[in-house]
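The structures considered in this document are given below.
One chain, subunit A, appears in both complexes that follow, with subunit B as partner in the first and subunit C in the second.
Our next item is the complex of A and B:
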């Protein structure tokens, strides 16, 4: 069923935004300084708003509400990248993941703006403006870490090393129906790998000794496989709705 | 270690009116200060234009000078244009 396949792809985008928005929201109140705290909350809210738009679109195709999709799916039915469900070790980890995900997401949105599906292209055109802001913010921080003290350099290098396998996993080939790809409705994430690494400064790649062909964590997120962290995130997010189903604000 | 400077933030709500001072923040350079000002003071569409200025560049009266500067202006009624008769049809004057 074509609609179910399109819905799955849209859930993949929405889940990425929703889960990452949650991780960023956890930092609210714990940021390194007031302005950063607010900036991170803004990014989290931007992503949550976009997730909402995509969930509603998926809901139309599956005849469900956005709430149904968020609160009543199991972890094996989520399709987000594992990169985004990892708990944050320090601020270099946070800014690095924002940096990588925003660049990936902006490249994806550039492709989806041209989608033959009007609703997808509409939402993508609006979303890309916010995501470009996120790139500016995080790029600045990655550079601050790289050009800072010995400790900041060590931390960002360590974050690169531990997160690179998860990043490379984002570019693994996933199983998408040919009908969706041939008709220009959606885009295969693995096709964005070259553009992605072109967008990242060569200086950063050299300094952190990034090998874009090194080991990628073999978790098939698009098939519902995840790290154990997703279970804890969903337990927190979904518990209230499940305890009091059908309740309203 | 980079120093954190104090910046003052001014926002203009609409084209045609003046920038208003709305707060201050700390940042390590001008670009960062502007970014933070957007994040903190423009969350709800409060304006169309932002200025950020390092507080050290705002030159102002010292406490000792304020008193004598302001006192001399109080008793000079001849500096107010209060003796003119303004015709009724003129608005906004």
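Our next item is the complex of A and C:
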């Protein structure tokens, strides 16, 4: 029973990385400039590699392979945040999601490094070294938009406003069973809210008029609820494997 | 007579597919090599989680070692995680030779591998491969790559 709960939590982390990696990969070939194409592809690749490590771990607990978990689960069996399913609007939107997710993810990994589960701890210790570079890159872009032209400022403010309910949702759901928390195995995302907003410059919060206690979109991702976008993402990335099951390159 | 020395010698010849002349031993990927009776136990640590060369490197290691050792056990360990401190200092000149600035502890001391100037600019922390950042030299005007900082280099 405990194993199933641990596996679900690990899938939650892996799904966040995998779905966001997919969204970032969509930018390849469509970035505003070549260096950004490369940067986002690299971030996508890092997240995919980390997702693979977490999927393999979950697979050991569920007696499945990483491929089984990625290609043969339905949308209602995925646990990723809806923030990461959303389609790209403009580059301020894309970089803002990377910025927010990498900060959240690095705070989560800091806690998971101390997990009493050795495997979770060692994967987290490795992943955090890579995520620091994602924060560095996206922070640079958020600042460029904030300090840029009237248009860039308007766009980043608009991205903050439209994405904030999805961000706040990340801190208002994912209720972890006490058994996992009491045994120091995992970390409750809601416990990271204060630390998260401390990491965001006060000036940014003021400029974008962010109210950290405002409306959080009520989608319970941890219970398998998602926006309709997830359906389209999975239809695309699972289709080849499902059409030719057990094929190898 | 096959020994751990032979194994290390073989591993020294397994090159990173994306970094010519740089071996997996140079990169500090080989954590340990133990020979117990006729079982060779090699522990490897991956550099980057998403590195597309990972599978190739593992199969290169296996096939090279299997030519000399009948019983090879290859273990992939994540702990302690690989970081830039694992790169052998002896490999730094080899990196410079292929146009990659080796890791430094203070980013202000990154120098152009061609003209050694410190007048450099970071174009992107993400470069052409998982392990590289993209820089430009303002002195000789050539672009170059810097070994991406994973972890902080200790003095």
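The working rule: the second predicted complex is superposed on the first by the 248 of 249 C-alpha atoms of A that agree within 3 Å, B and C clash if a C-alpha of one lies under 4 Å from a C-alpha of the other, contacts with A are read in each partner's own complex, and residues count from 1 in each chain.
Definition applied: a contact is a pair of C-beta atoms (placed from the backbone, for glycine too) under 8 Å apart; a residue touches a chain by one contact, two chains touch by 3 or more.
Remember, it's a predicted structure, so these values are computed and weren't measured experimentally.
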Room on subunit A for both subunit B and subunit C (clash or fit): clash
Which of subunit B and subunit C A:38 touches, first, second, both or neither: both
First (subunit B), second (subunit C), both or neither touched by A:125: second
Contacts of A:149 with subunit B and subunit C, given as first, second, both or neither: first
Touched partner set for A:89, first subunit B, second subunit C, both or neither: neither
Which superposed partner A:242 touches (first subunit B, second subunit C, both, neither): neither
Subunit A residues touched - subunit C or subunit B, whichever exceeds: C
First (subunit B), second (subunit C), both or neither touched by A:53: second
Shared contact residues on subunit A - subunit B and subunit C: 35, 38-39, 42, 136-137
Sites on subunit A touched by subunit C in the complex: 35-36, 38-39, 42-43, 45-50, 52-53, 118, 122-123, 125-127, 129-130, 133, 136-137
Parts of subunit B lying in touch with subunit A, wherever the complex brings them together: 1, 25-27, 31-32, 35-36, 39-40, 43
Subunit C - residues contacting subunit A, complex: 48-52, 78-83, 123-128, 130, 134, 148-151
Residue ranges of subunit A in contact with subunit B within the complex: 33-35, 38-39, 42, 136-137, 140, 149
